[in-house]
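Common to both upcoming complexes is chain A, partnered first by chain B, then by chain C.
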Partner chain A sequence: MTPSATLSYLLNYELLGKGVLRVQRWRDERKLRAHHGKPDDPLNPPLVRTARMKELMSRHYLEGRYANGVKKVAWVTSGAPIEVLRALDFVLIYPENHAALCGARKKAVDLSVEAENAGYSRDICSYARTDIGAMLSGRTPVGRLPKPDLLVACTNICQTVLYWYRVLAAHFDVPLIVIDTPFLYQAASDHQVAFVKQQLEEAIPVIERVAGRSLSWRRLRGVAERSKTAAELWLEIMDRARNRPAPMTAFDGFINMGPIVDLRGEPETIVFYRELLAELDARIKKGVGAIKRERKRVLWDNLPIWHQIGHLSRTLGRRGVNVVVSTYTYAWGELAPMMDASRPLDTAARVYLHPILNRSTGDKLRTMEKMVKDFALDGVILHSDRSCKPYSLGQIDQRDRLVHERGVPALLLEADHNDPRAYAVEQGDARLEAFMEMMESAN
Partner chain B sequence: MTVAAIGLDAGSTTFKLVALDAHGAIVATRLAAAEPRIEVQAESLIAEVLAETQSPSREAVEIVATGYGRKLIKSASRNVTEITCHARGVFAELGRPGTLVDIGGQDSKVIKIGERGRAVDFVMNDKCAAGTGRFLENTAARLGVPLDELGPRAMASATEERISSTCTVFAESEIISLLAHGSELPPILRGLHRSLISRVVAMIRGLGLTPPLMLSGGVARNEAVRALLGEATGQTVLVPTRPQLMGAYGAALLALDR
Partner chain C sequence: MPEPIALPSRREAIARARARGQRVAAVLPIHAPRALLTACNVHSVEVWGPPGVDPEIGASHFQAYTCAIVRNATSFLLAGHLDDHDAVLIPHTCDAMQGMASVLVDFVRPKMPVLTLYLPRGRRASDETYLVAELRRLGRDLTALSGVAPTDEALHAALDREAAADDAVAGLWRDRAGLALSDRAFFTLLRTREFLDAEAFVEVARTAPRGERKQRGIPVMLSGIAPEPMEIFDALDEAGAHVVADDLAGVSRRIYPRVEEPDPFRRLARSLLGAAPDPTLGQPIPERVAMVRRRMEESGARGIVVYNPKFCEPELFYLPLLAKGLAEAGLPLLHVEHEMTESLGAQTRTRIEAFVETLRGAQ
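Right after this comes the complex of A and B.
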């Protein structure tokens, strides 16, 4: 801890930053409450609690900006077991979330080009390219990303992270912890769980060494408890979309999932999701849907197309199509019942083995079939994501089975979650419109 | 002969119009090279057809637009995708469900047609021009062969050169290289068609073939495409009399539904 860094942290983050962001949130909330929607907008006014999400995420990145020299920083993958890190007061940076933020703000191409100019192929995941570009150029829409003291990559989402984090480790010259989670073709076996648990146990001394202090198991259980509560709330929130009309769309989910990914285990995350749930319940009570005229309900499979979220939600909304649920947002809630805070390491080993991307393609198909039933869906949109091979693998067969065995209309939409150069808007629209016409004529 | 409904198909290469009377009989058609100002072209063709048929009032005519330029035609009461329109048009003409291949100027689609001419599933080509009319058009232009002669000259050849590139641009270079090495033009043309068909057949396989196999779009006029598609799938390929007009015809039928 250096005195100048501490002073800067206290002044810019604790004193000024938090206050400014709080005022900003009040303003945003007031604006959102007064927002009655435009008559030609197919969507109802946005959720007021989105303002709280914006505050939390801005605060998170602001703290990161001033963290070096004050708190230890870890860069982690989206599926990394972070509870131990959180209990040791690390500031956690999620490069994937940062890349998505760049994508949604249309900054991803410039940053990807930085990486491509440095020799990284355009065939590499666009999240990786965006972040490597940000790392090389120092440019980011969040001001500044703190330098990591530690890197944690978990293979439960893809294999790209192995190579990506080695690049980070070489660049920043910091330790890298890899948690290897064997792919689950069937239910997890005891030895697979034991294998992951052992890696977590081995990681603890490494994390403690970087943190410069010992792990408190009481704090760890507290973090695990809050992670569970937040995941349960998130699951409840998504399940509210079973109502007709659904009070939120999967696009709202994509926007509001930041805290469950980046700030899991923090008390504010629980407060935010409780408020969001209450707002959804108020909408349900009044019979207000996320879109004005919900006629068809569909499922979104795979990551969002961050650079097209606004356009897609309106293109679909105009025809009364509400994307009510997605396998992607569900991934951060569906494992909540598996969590047991009293046994934090056993739980982490089991939970972090089970994200949808680490389960078989058949299992994903069954997840989607269940959603079709539970959410009374009329169709499925499978985003075939050029940048996420593990998520896109098996989609052709999954689509065929949904169509032929379940009689559910399904569309394979080719795009890329972060690189607009791999997506043709005109042609994407043509497919979506034909798909909507197909669902409409099914009546 | 009063026009009750008009279907407009603003494609990437050609502009098509089909006008129907109140009973659904075709009373006028137009097929013209696509002009950049779609709205102007649409208006002039509509005026022409209404004058020709001596239709009294423009207001009574329901107009549906399809094709890539469909959203630019403000006079249409609504716009519908080519998928729905081709399925409807071909079903009205050939009278049966099955699998429809529509090869247009800049994209190709395979559509499963269900009962009542409804599109029940479809697949479209990737984000590039391989497997589309533009693929043939480009290479024909490069070789100096008129479009109408492409098919006959390809079919006249007993041998075939292998064109491995499905990319429109790379295929062109490949052909130039073959010519430079002394290959004859007709076998190259045959190989070129084979290359296009292989892309289309992959799409058909992806969707699953429910017979009969039908073909629409401008490329359906090319006899080599018809023959090689039949050969590759082992199916008799049914082609409507005026395959290019099926999108506009379907659009007109949808307009009449209103």
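Right after this comes the complex of A and C.
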């Protein structure tokens, strides 16, 4: 800890930053409450609690900005078991979330080009390209990303993150902990669970060494408990979309999922999701849907197309189509029942093996079929994401099964979650139009 | 043009295995425990693509942004070319191979069983413990297929034979200058390891034609996934280069270290974990750079051609730092991507010519 870094952290983050962001949130909330939207807008006014999410995420990046020299920083993958890190007070940076943020703010192409100029192919995941570009150029819409003291990559979402973090490890010359989670072609076997648990046990001394202190198991259980509570709340939030009209869209889910990914285990996350749930319940009570005229309800599969969220929600909303839920956002809640904070390592080994991306393509189809039933859906949009092979391979068969065996209209929409150069808007709109007509005629 | 060198064919290898009473498994890239299959009386025949199939058949299951190995292998299977195999084994090499295995298991459901293997991505105690258990699990699946359980003696013996075959690959490289083979013929010979049993391969290596080497020119190293399509050798030859070392996933990256260990499953696990740094195993990039650089320096290679199917993420992630690390040592790198069709495009040939020209100019 250096005195100047500590002073800067206290001043810019604790004293000024937090205060400014709180005031900003009050302003945003006021604006959102007063927002009545244009009469021809197919969407109802946005959720007011989104302002709280913005505050939490901005605070998170602001803390990161001043963290070096004050707190230890770990860069982690979205599916990484972070509870031990959180219990040891690491500031956690999620490059995937950062890349998504760049995508949503239309900065991803510029940053990707930086990476491409350094030799990274346009055929690799656009999150990785965006973030490598930010790393090489030092440019980011969040001001500054702190340098990591430690990297943690968990393969439960893809192998891509392992290669990506090898690049980060070579660049920053810091230790990389790999938590390797064998892909579940079938139900998890004992040796697979034992493998993940043993890796977690092996990781603890490495993390402690970087942290410069020992892990408190009491604190770890506390973090695990809060992770579970937040995941349960998130699941409840997702499940509120079973109501007709649904009080939220999957696009609201994409926007509000930041804290369940980045701030799992923090008390503020629980407070935020409780408030969001209350807002949804108030909407349900009043019969207010996320879109004004919900006629068709649809499932979204795969990552969002970050650069098209606004356009897609309006294009679909105009035809009365509400994308009520997605496999991607649901993934952050569906494992909540598996969590048991009293046995943090055993539970983590099991839970972190089971994200949807680490389960078979057949299992994913069953998950989608169940969601179609539970949420009373009329169709499925499968975003065929050229940047995300693990999520996308299998979708052709999944779509065929949905259409031919279940009679559910389903569309394979070719795009890229973070690279607008790989998405043709007009062509996409035409395909969506045809899909909406197909849904209409299915009834 | 391929020169007349008498080598056993895949078909003959399969027929011989059948005559020995073995089951036959099609094995997908990259790292697979050949010795375990042999100890279970299963003969392995590898499928690297191949080129020359109609990739459109695979397109009914995989998007166009899937690598050609997966699309072509799926097409090959769906076109019935693996119908005479008793099983398909798919190691978890990467996200694409994971997708292929999962789609075959869940949706395509070919008539033969699809076996899977997850290789851990580290070299820690946990990786070894896990891999031993995973290999035992695969052993049970193979036993269910062949009715033969792998005894310790059989597995040790199979490991010895595989180690001898690995030595033979290394030996062929050591003797390269004294083999009367063009690069294309040399690699055709090396690649018989994909379908011959270890003893047969050792014999093929032993009887490789000695004499004056047929190719001369600028020495280069060949890296990437597989030397497929093999027109790469003709293109290099025409450009005035010859291959003096390889770092191909299908060839030298699979020369495993010899391990002494009483438990044969542990011996097999340690040997697999000791593989040369390979992106698909997620090993540190500096280790990979150092290894490639050392091999280039030892072999006298003046540049390296990395030859990959398009959309190969593991390779693509490691390339920029590999190129940078080698450039620092004055060793240029050319990356060539292909669609695994029958022939190389004119543009690729021109790039190869220009690269070799640059190397010549730097002499």
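A few remarks follow.
One rule holds for everything that comes next: the second predicted complex is superposed on the first by the 443 of 443 C-alpha atoms of A that agree within 3 Å, B and C clash if a C-alpha of one lies under 4 Å from a C-alpha of the other, contacts with A are read in each partner's own complex, and residues count from 1 in each chain.
Here is the rule we go by: contacts are C-beta pairs under 8 Å (C-beta built on N, C-alpha and C of every residue); 3 or more make two chains touch, one makes a residue touch a chain.
If you're wondering where the values come from, they're calculated on a predicted model, not measured in any experiment.
In the superposed model, A:182 makes contact with chain C only, not with chain B. By the touch criterion stated above, A:438 is placed in contact with chain B alone, chain C being left untouched. When the two complexes are overlaid on their common chain A, residue A:427 makes contact with chain B while staying clear of chain C.
By the touch criterion stated above, A:360 is placed in contact with chain C alone, chain B being left untouched. When the shared chain is aligned, chain C comes close enough to touch A:401, but chain B does not. Of the two partner chains, chain C is the only one touched by A:162; chain B is not.
Measured by the number of chain A residues touched, the leading partner among chain B and chain C is C.
Overlap of the chain B and chain C interfaces on chain A comprises residues 396, 414.
Those residues of chain C whose C-beta lies close enough to touch chain A in the complex are 60-63, 65-66, 70, 92, 94-96, 98-103, 105-108, 116, 118, 120-122, 124-127, 129-130, 133-134, 137, 279-280, 282-286, 310-311, 313-314, 316-321, 323-324. Interface of chain A with chain B (complex): residues 396, 400, 403-404, 409, 412, 414, 422-424, 426-427, 430-431, 433-434, 437-438, 441-442. Residue ranges of chain A in contact with chain C, taken from their complex: 118-121, 123-125, 128, 155, 158-160, 162-164, 166-167, 169-170, 176, 178, 180, 182-183, 185, 189, 191-192, 194-195, 198-199, 202, 360-362, 365, 384, 386, 389-390, 392-397, 401, 414. Taken in their complex, chain B has these residues touching chain A: 68, 80-84, 107, 118-124, 126-127, 206, 208.
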